[in-house]
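The following pair of complexes shares a single chain, chain A, combined with chain B in the former and chain C in the latter.
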Partner chain A sequence: MIRKFASVVLLLILGYAFYSLVAGFVPDGELNRSAAYYAENTARETGAQNIVTAIIVTYRGLDTLGEVTVLFLTAAIVAQVLSHSRAPAGTRGSGFLPAGELLETGTRLLVPLILLFGVYVFVNGHLTPGGGFQGGAILASAMLLLLLADPMRRFSHRLIAKVESISGLTYVALGVMGLVLAGGFLDNRILPLGQFGALFSAGAIPLIYSLIGLKVGAEFSSMLESLEETEDR
Partner chain B sequence: MSNIPFVMALLLAVAMIAAALVAVRATATVGAVLAAGLVSLFASVMFLLLAAPDVAMTEAAIGSGLTTFLFFFVMGRIRREGGGND
Partner chain C sequence: MITIAMTTGFVLILIGLYGALTNTNILRMIVSFTIASTGVNVVLVSVGYMPGRTAPILDDAVPVGSATTSIIDPIPQALVLTAIVIGLGVTALMLAYAYRLFRIRQTLDISKIVELKW
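And now, the complex of A and B:
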């Protein structure tokens, strides 16, 4: 009884908090100072058509490096925790259920398309919505589909680790090159800005975002693979 | 102010709340996981309506794609190793 009463009171407080948020909402008439700066200067300073990408990769590039590092730590911890219960190589697991004809055939059709779409998303990150994180997640979902269709499939851990570490190292190296050749860490003007709106434009942004995409895709894939390879008994 | 996006957003919000209720109340785990994925899918359309396509893509790829599949993945493992009973 008391518990029910307490939860109703909590719900009312929560409802009031949300209601006051909505009731006190006044839409902004104009952009605030930093948003106005980005809207005005992004195209000139970075050459990127997608302002969100310019902010993520260049203006707030250090934050993005931090995010990628957090994701890397997560993948490393998942792999470390699960490595104790890894199934010995070559065992058939404990009775995998067959995936079924529909999933297997569909996977064969869909996986190349999904991979292509993921690469498209992060290569065009400076032109269209999306970018490294989204493209990487799409790449990992293709890996997930492969694992669902054939649970016995094994990807090379060494290859995934190599892709992950090489793209991470190159990302940091590009950032340091910005420090040496241009205005600061992760400055994208180490490469020519090119023609506004072209695929090879916006300096180092497409390169950096592709590296982030590969890194994120490899991290998610290694997490999924560690989950798949564990054996509880 | 155009009215159609507003009506769509309202419908989406109602659908999101309905799907969330289904996710909480459903007795079958599969249905609950699917309903939770549906909430994410509606949320990503909502982000699109609110002019945030980048966030919408992340939500669609991770929230409704990877997370839902991860749940099924783990459920499959539990079923496989937990003696076959649901």
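And now, the complex of A and C:
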């Protein structure tokens, strides 16, 4: 009881701090300096329509490489932590009920569409809202649907590992090529910028974001698979 | 409009922290942390919003020349994209460790795990 009371008091204080933040908040009238720089120069320097994509893939590309690395580490640690309790092959890890006719038939229709949508989202990351992380998550959701429809299904760990390591290596190689051919690590101008707004434009951004999409999709899929393969007792 | 979004975000943070502080079941705590991190993301995105402006995508609606006066701040959005992905990784890790804890202790109730109490 005292514990609950103490945490409520704590949260009230925090809530008051938040209240003063909201009450004193005045939205900016104009963009701050770095945002204004991105707004003015993104089109000329990177050729990308979507400024958020230009920031993530080019201006702050190194951070994104770090982020993908963190995701890779997470997937590896999840697999390692759960590897002690992997269910034997051929048995279902969890005691799910059978998926049922509707889900199984629906999966056959939906999975190709979801995969196609995921690829669309990350290939068009420089033109429309979306990109590698979102597209990768959509790809992984197709895998989740497959696992829901058939909990006994096992994807090939080797295939997932191959997709992930090849896209990761190519990502780093493209970055190093930027160091040699253009202005710096992960510079997208190793390829011609092309016509503004076309699918094949913005230099290496669509390529890099597609690789990120594949990598993120593979990492999320491997996490899902590790969780699914775990037996519960 | 910004105030509503921001208040929602802060309320989500408070709800999440309340859940994490009062529940003793680890799964409930993980769900609470996820709610709190969603709140943080909502607050961050709402900070970058500016009234009367549009999304930072330079299509037909936003000519390149007038971008500085017609788009909202793109930096919080890039930041939140990162935060969402890392948040997912953190959640996956918490779930994996919760599973290991359950296999070793046969319980998810942290009040029954007393080694670190004083």
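Quick notes
One rule holds for everything that comes next: the second predicted complex is superposed on the first by the 218 of 233 C-alpha atoms of A that agree within 3 Å, B and C clash if a C-alpha of one lies under 4 Å from a C-alpha of the other, contacts with A are read in each partner's own complex, and residues count from 1 in each chain.
Everything below uses one rule, namely that a residue touches a chain if its C-beta (ideal position, glycine included) is under 8 Å from a C-beta of that chain, and two chains touch if they have at least 3 such contacts.
Keep in mind the model is a prediction, meaning the values are calculated, not measured.
In the superposition on chain A, A:Leu144 makes contact with chain B only, not with chain C.
Once the two complexes are overlaid on the shared chain, A:Asp63 sits against chain C while remaining clear of chain B. With both structures placed on the common chain, the touch criterion links A:Ser34 to chain C but leaves chain B unconnected.
By the touch criterion defined above, A:Leu227 lies against chain B and chain C together after alignment on the C-alpha atoms of chain A.
In the overlay built on the shared chain, the residue A:Leu82 is in contact with chain C alone; chain B does not reach it.
Judged by the touch definition given at the top, the superposed model places A:Val52 against both chain B and chain C. Ranked by how many residues of chain A each touches, chain B and chain C are led by C. Touch criterion met: A:Gly130 reaches chain B, while chain C stays clear of it. Residues 50, 52, 129, 131, 133, 137, 220, 227 of chain A are contacted both by chain B in one complex and by chain C in the other.
Interface residues of chain A, counted against chain C in their complex, comprise 3-4, 7-8, 10-11, 14-15, 18-19, 21-22, 25, 27-32, 34-36, 38-40, 42-43, 49-52, 55-56, 60, 63-64, 67, 70-71, 74-75, 77-78, 81-82, 84-85, 127-129, 131, 133, 137, 196-197, 216, 220, 223, 226-227, 230. Put simply, chain A touches chain B in their complex at residues 50, 52-53, 94-97, 121, 129-131, 133-134, 137-138, 140-141, 144, 147-148, 220, 224, 227-228, 232-233.
Listed in rising order, the residues of chain B touching chain A in the complex are 53-54, 56-58, 61-62, 65-66, 69-70, 72-74, 76, 80-81. Put simply, chain C touches chain A in their complex at residues 2-3, 6-7, 10, 13-14, 17-18, 21-22, 47, 49-51, 55-59, 64, 67-69, 71, 73-75, 77-78, 81-82, 84-86, 88-90, 92-93, 95-97, 99-100, 103.
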